[in-house]
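Dumping the structure here so I can ask a few things about it.
Letters are used for the chains, namely A, B, C, D, E and F, taken in the order the chains are written, and counting of residues starts over at 1 for each.
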Amino acid sequence: MKEFTHLDEKGKARMVDVTEKEATLREATARGAVIMSPEVFQRIMAGGIEKGDVLGVARVAGIMGAKQTAELIPMCHPLNITSVEITFNPIEGKHTIEIEARVKLQGKTGVEMEALVAVTTAALTIYDMCKAVDRTMVISDIHLVEKKGGKSGHFLRSKSSPRKSTELHRSGKV
Amino acid sequence: MKEFTHLDEKGKARMVDVTEKEATLREATARGAVIMSPEVFQRIMAGGIEKGDVLGVARVAGIMGAKQTAELIPMCHPLNITSVEITFNPIEGKHTIEIEARVKLQGKTGVEMEALVAVTTAALTIYDMCKAVDRTMVISDIHLVEKKGGKSGHFLRSKSSPRKSTELHRSGKV
Amino acid sequence: MKEFTHLDEKGKARMVDVTEKEATLREATARGAVIMSPEVFQRIMAGGIEKGDVLGVARVAGIMGAKQTAELIPMCHPLNITSVEITFNPIEGKHTIEIEARVKLQGKTGVEMEALVAVTTAALTIYDMCKAVDRTMVISDIHLVEKKGGKSGHFLRSKSSPRKSTELHRSGKV
Amino acid sequence: MKEFTHLDEKGKARMVDVTEKEATLREATARGAVIMSPEVFQRIMAGGIEKGDVLGVARVAGIMGAKQTAELIPMCHPLNITSVEITFNPIEGKHTIEIEARVKLQGKTGVEMEALVAVTTAALTIYDMCKAVDRTMVISDIHLVEKKGGKSGHFLRSKSSPRKSTELHRSGKV
Amino acid sequence: MKEFTHLDEKGKARMVDVTEKEATLREATARGAVIMSPEVFQRIMAGGIEKGDVLGVARVAGIMGAKQTAELIPMCHPLNITSVEITFNPIEGKHTIEIEARVKLQGKTGVEMEALVAVTTAALTIYDMCKAVDRTMVISDIHLVEKKGGKSGHFLRSKSSPRKSTELHRSGKV
Amino acid sequence: MKEFTHLDEKGKARMVDVTEKEATLREATARGAVIMSPEVFQRIMAGGIEKGDVLGVARVAGIMGAKQTAELIPMCHPLNITSVEITFNPIEGKHTIEIEARVKLQGKTGVEMEALVAVTTAALTIYDMCKAVDRTMVISDIHLVEKKGGKSGHFLRSKSSPRKSTELHRSGKV
């Protein structure tokens, strides 16, 4: 049975000991979505400068957020990540912006949390930039897509549709 | 028409000028969920010490995360928040832990982002503490529930069910 | 004779005691410049997306930098700044980008340092974004332009030309 | 033609991928200057304790600033720098304090930004410590002097005089 | 009976709600000591420059540490402290350096923790600066001396001798 | 004679140059104590939930504090620590909670400061959580217990009793 590695045998929290682990190439990809009103979606996407700035600021926030992972998440190891890329994928029919973050490291432990924090920070920044227009936006379906490197090997999430979820906005109930 | 207050007339990002706004009592409540495998849910909830530590660490992370909001979200004003409370609401049938954060401030601008960051950081911490056992957990439905104080007045989200969403885990497709 | 307020009577460093000072509206404007090769200047300004991103990222960095002032500058008081705006003024003939930051606060002490840190961080970010193309860029003439509020009153720098300086790049000697 | 490595092919910001780069010895030296009124210069240099404290605090700030580089400059990689040294070179005739920072690393990417941030933070700290006496100080001519290690090889700035610049203070116009 | 205010009625951690408390003048003084070998004590105190730098760096660290209190101590409120002063009191016969920090605030909650963190950070910095010569130094007797302001009123520690403690170093047993 | 490595030949502070040092396995153990009133000790230890939370929060704080060492202690190198464990050892007869932290790293310099900061931060957090009930608690006897790895070799403190110290609380004088 797999163990909760951040808990010791008595159930106390600890930073997992990775001292003896080998430094290998690690890579993680995470994804999430911000579901918004059609109006906000139009305005973000409406060509021009506004689009640049909402998503541009969110991209910077996501990259900087990845670097703050160990200060935010108590048991995360401080890591010198070597690459962060953030991609926005607007889904018009669902007035949703999907966010993907890919993080790399040559190191002793994986970068899943860094990728998840990058996605989350970018999503929260979109919320912040647009909240004066729409407070009912929902950040949803934040999940790990893929993970490479390390002893636990390759993880690739199967193709179920995380976006089907969070009907909240589209349901018209809000 | 409402404006994107964090963008100036040319669409450039800025920290909204709240200098002249009155300092009033502000309060915001946000909510989100971590959907996990039945196994992880059982182990977190299985009385005893483990439960204490996964949720205990997540609670501390959420409170500390709220204090890091202005360092994470580029256009957020630095604020001296005066109260943060995090509540966990386990939903057994859905092997989901719902997280609620309530933040207060006597100040010139609202604390929505602080509440959302608190929820998100707690959720990410649960993910981190349990990811060695289940990498398919999903963080979902992060949304603002209520907001009081300030010129924009009282916001209360209607009772649609944000939890209906994110079928990802329960669908058995993952 | 004016005193070095951050030194006590024995010359030891201290955070100046502003406890008893009145909270008033404070505002500070600072300016600085990045002087670069004509090639880099053209590419930053060449319409399109690149321009957006180099200056867009620098703007976000400047705003976030202002919020980190008290962590960078040892004797600075932590402050809840209420507004930051960054403006870029490209000077074609001098292939120079001038940066201006304006910061506001309702508080007990001035925000000169916040404005200067905002300018400096934006300038360093431009350097970082472009250094693969030109390592000889110079950041120059960082100075306080204007300061309002507080007991020391209104400060407005006279119109000498700070830009005349830093001939380094234009001299062709580098 | 050299590329803006922090922008992808579409001009979007990213943290450059240095995962595959070799870890080699890196070293960077940067320089800058604070130009002040003769009075402030005399008082900083006037033997005794004050001198110790203004420059002593600025030295600590510069060293700590180098460690905050990745939190300030959005696309900078987090690095475990292994050496920082700050030297102050007072130039009496020009009532200017020149600042030099040298930073080292065994790693995958250069430390130019760390050296530039160290210089800038030390300069801003001198400004902060003395601003109650002179608000017209100018921080100027911040530039990379030398860079060793890495694929781009040795960079050494030619001996033009960056200090000639910034006549602002000496011109008597301020 | 007094309550643990950072725990709610179920014993869960929270940031105490101080929203409704009045903003008053707060002040706290804390003290602690670093006990070292006679050799290290002599060298720190041996007039000249070294003394300046060990204690000078420790003073800056203590002041900056006070500003990081809310990032270090999970339930502490972020506060805009308005004054920090650090005093070193060398006690020759005991080759001990006593550290005192005094912190002020106009605010809704006390600054005891800020004063204690300032003392501790200064003490740890002395340890760090001298540890290559003596690893057996002991940091001891960190305690609150006085606290003014707020509903709980004036606290003044009685004059027992905290320094009598920590015989560790003087006992010659180490 | 051993040197103060954080001071250069002129007595100026610097971050010691460890660039050329070999990366080896490093480990450090530090210890400290919080001495409190019998009442507070009883309530912390009184089985149940409270105990969990005071010490649980202090453990998280200690682990996160270790990661903030290079931001707190000016001359400390930023390090990617690979393990942190915090143990609490309650000593009933002395109503004292002893704290031990063990930190590991594969790197170029030791982790003594990280272990000492972890102990101190945990101790300060216990103080903070309980100060509403007892302001006379004393944090004491923070010292390095053991250090392995690196050129300076194995350091193991002899078994004198650091706890004998700090009679402050037990003396009944406070």
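What we mean here is this: a residue touches a chain if its C-beta (ideal position, glycine included) is under 8 Å from a C-beta of that chain, and two chains touch if they have at least 3 such contacts.
Worth saying up front: this structure is predicted, and the values here are computed from it rather than measured.
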Between subunit A and subunit D, how many steps is the shortest route if every step has to go to a touching chain? 1
Taking each chain's centre as the mean of its CA atoms, which one is most distant from subunit A? E
Please report how many Å separate the Cα centroid of subunit C from that of subunit E, as a whole number. 34
When the centre of a chain is set as the mean of its C-alpha atoms, what distance in Å lies between subunit C and subunit D? 14
Inter-chain centre distance, subunit C versus subunit F - centres from mean C-alpha coordinates, in Å: 39
Touching two or more other chains in subunit A are residues 12-13, 49, 52-53, 56-57, 60-61, 64, 68, 71, 74-75, 78-80
Can you work out from the touch definition every pair of chains that touches here? A-B, A-C, A-D, A-F, B-C, B-E, B-F, C-D, C-E, D-E, D-F, E-F
For the complex, give me every residue of subunit F touching subunit E. 2-7, 10-13, 32, 43, 48-50, 52-54, 56-57, 60-61, 64-65, 68, 71-76, 112-113, 116-117, 120-121, 123-125, 127-133, 135-144, 147, 152, 155, 157-158, 160-162, 164-168, 171, 173-174
Along subunit D, where are the residues that touch subunit A in the complex? 8, 12-19, 21, 70-71, 74-75, 77-80, 107-109
Which subunit E residues qualify as touching subunit C in the complex? 25, 56, 59-60, 63-64, 66-68, 78-86, 104-106
Touching residues on subunit E, where the partner in the complex is subunit D: 49, 52-53, 56-57, 60-61, 64
